[in-house]
Amino acid sequence: MTELAVQEGTWKNGKFYFPVRVYYEDTDAGGIVYYANYLKFAERARTEFVRMLGVNQRNGLETDEQLGFVVRHCEIDYKSSAVLDDVLEVSCAIKQLGGASAVVSQEIVRNGQLLVSLEVKVVYVSLKNKRPVRIPAELAKKMQGC
Amino acid sequence: MTELAVQEGTWKNGKFYFPVRVYYEDTDAGGIVYYANYLKFAERARTEFVRMLGVNQRNGLETDEQLGFVVRHCEIDYKSSAVLDDVLEVSCAIKQLGGASAVVSQEIVRNGQLLVSLEVKVVYVSLKNKRPVRIPAELAKKMQGC
Amino acid sequence: MTELAVQEGTWKNGKFYFPVRVYYEDTDAGGIVYYANYLKFAERARTEFVRMLGVNQRNGLETDEQLGFVVRHCEIDYKSSAVLDDVLEVSCAIKQLGGASAVVSQEIVRNGQLLVSLEVKVVYVSLKNKRPVRIPAELAKKMQGC
Amino acid sequence: MTELAVQEGTWKNGKFYFPVRVYYEDTDAGGIVYYANYLKFAERARTEFVRMLGVNQRNGLETDEQLGFVVRHCEIDYKSSAVLDDVLEVSCAIKQLGGASAVVSQEIVRNGQLLVSLEVKVVYVSLKNKRPVRIPAELAKKMQGC
């Protein structure tokens, strides 16, 4: 029914990019984006990255198995700050791929200037008991090329 | 093991009050508390209010029945703004009590000055199918006096 | 430098619509969007609505005058819940226009089903002292038609 | 006027602890605390830690100088998840102290079980231009002992 397309990411030179607009909700009284909120931007990008690879996270939530990625480790380097109304690009690249885990390298960039970089280790788990599960071959194969 | 008490509310003249400290996470680039975040403060107060009446929300989540309050309607009047480091008092009073619902009147006050007032209609539901369920007699009786 | 377009809204039959994707950050342990977060969606839509009318909020923040809209009153009706991965449409319509204020009527819809409706009274103020200021004639004229 | 004390931290064996209650706002559809929100808990603890050492962050915001700590780097290890209604203890310890920076070691614990550990590098800056500024001798001296 709706013809209005929601924000998606795109591929440029084999790398995934997702654009994010900074709203009041993202900022704090220091006039800049609150430090925890870059992790929200990063997860939106990872979610759209996985969606583009053909996997829907909610499907996971609704099946009996309920599989999905959870974050095990995260390293964030804050180089410069984003401010209200900024348009940011959040990239995703697979740095390392294990049987049930992956290290995702992400950069948050404004007009070519790197503001924040993240390295995020995610583990594929059964969402019920949080036990690691092998990443499905089809998804792993797609991630390998990114 | 821990002897550290977490924040609770108190009763003053028959009315429930819950204190809230304003942190960076609550503020925005306008230098004030972001308008949606007062709803977080209000819910913390309602949660502690119900806890003090002897009901634990997570118990609801873990039983088969899974009962709890959800918000159906909310009216918020923003009179003045809270800022970083403020200590606020959030009150809860039952304005109206129905079989499966209640209207809660809440005020967010700083040093006696009313900043934000809310009127929140909550409905007691089965969290699985969101269908209204009669508020347990014991809880309803306790709410009546507030 | 960037060719990646960030999410904008569109006009359909004279009404403004802004699409919002629901991410994990928006949901809560009840499995639905947390009740305060619909106010974030509503503000994103209002911001893009005003941006489309040709006004940039940050310009306001950077000039000496520092003008912008703040919320004075808000009424929210929660009819049904959004869940993870939903694509929502958030509409904006000017219900009433005063010299320094406006009442904005907003609906949050999923596949044609109304989930949440809001009525938001915003006041145009000097962000420094929060005093009401007359909405610029050009902007007021544009808002009138919406 | 108010006699209601807001949540403070305490010292145990020379280490600072701040208690945090988990509310619906902190959780996500996975039924656990959203991964970015532990950074909020960590900052609340750091803020109360600095406040206990006798420094008020807002004073910084209001003076001409406007000094304060900003996060430069952050490493987070997610071992286990917190859930709704949990009472957490967030600790703060100075791991390293430089002229204008400090590395803070933080642990988020539930009933003696370590859930999340963080290492946060903060820099003392002029909030206007974000340039590093020497930590005041009095504050540095107090931090040294923690």
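A, B, C and D label the chains in the order they appear, each numbered from 1.
The rule we apply is simple: contacts are C-beta pairs under 8 Å (C-beta built on N, C-alpha and C of every residue); 3 or more make two chains touch, one makes a residue touch a chain.
Fair warning: this is a prediction, and the values are worked out from it, not measured in the lab.
Novice: Average the CA atoms of each chain to get its centre, and name the chain whose centre is farthest from that of chain D.
Specialist: C
Novice: Looking only at C-beta pairs that count as contacts, which pair of chains has more of them, B-C or C-D?
Specialist: B-C
Novice: Between chain B and chain C, what is the separation of their C-alpha centroids in Å?
Specialist: About 25 Å, centre to centre.
Novice: At what distance in angstrom does the C-alpha mean of chain D lie from that of chain C?
Specialist: 33
Novice: Out of chain C, which residues touch more than one other chain, so two or more?
Specialist: Touching at least two other chains: 24-25, 29-30, 36, 40, 43, 61, 83-84.
Novice: So in the complex, the part of chain B that touches chain A is made up of which residues?
Specialist: Result: residues 24-25, 27-32, 34, 36, 83-84 of chain B touch chain A.
Novice: Quick check: in the complex, which residue numbers of chain D touch chain B?
Specialist: Touching chain B: residues 1-2, 4-7, 10, 12, 17, 19-21, 23-25, 40, 43-44, 47, 56-58, 61, 83-85, 87, 89, 111-112 of chain D.
Novice: Quick check on the complex: what are the chain A residues that touch chain D?
Specialist: 29-31, 35-37, 39-40, 43, 61, 68, 70-78, 81, 127, 130
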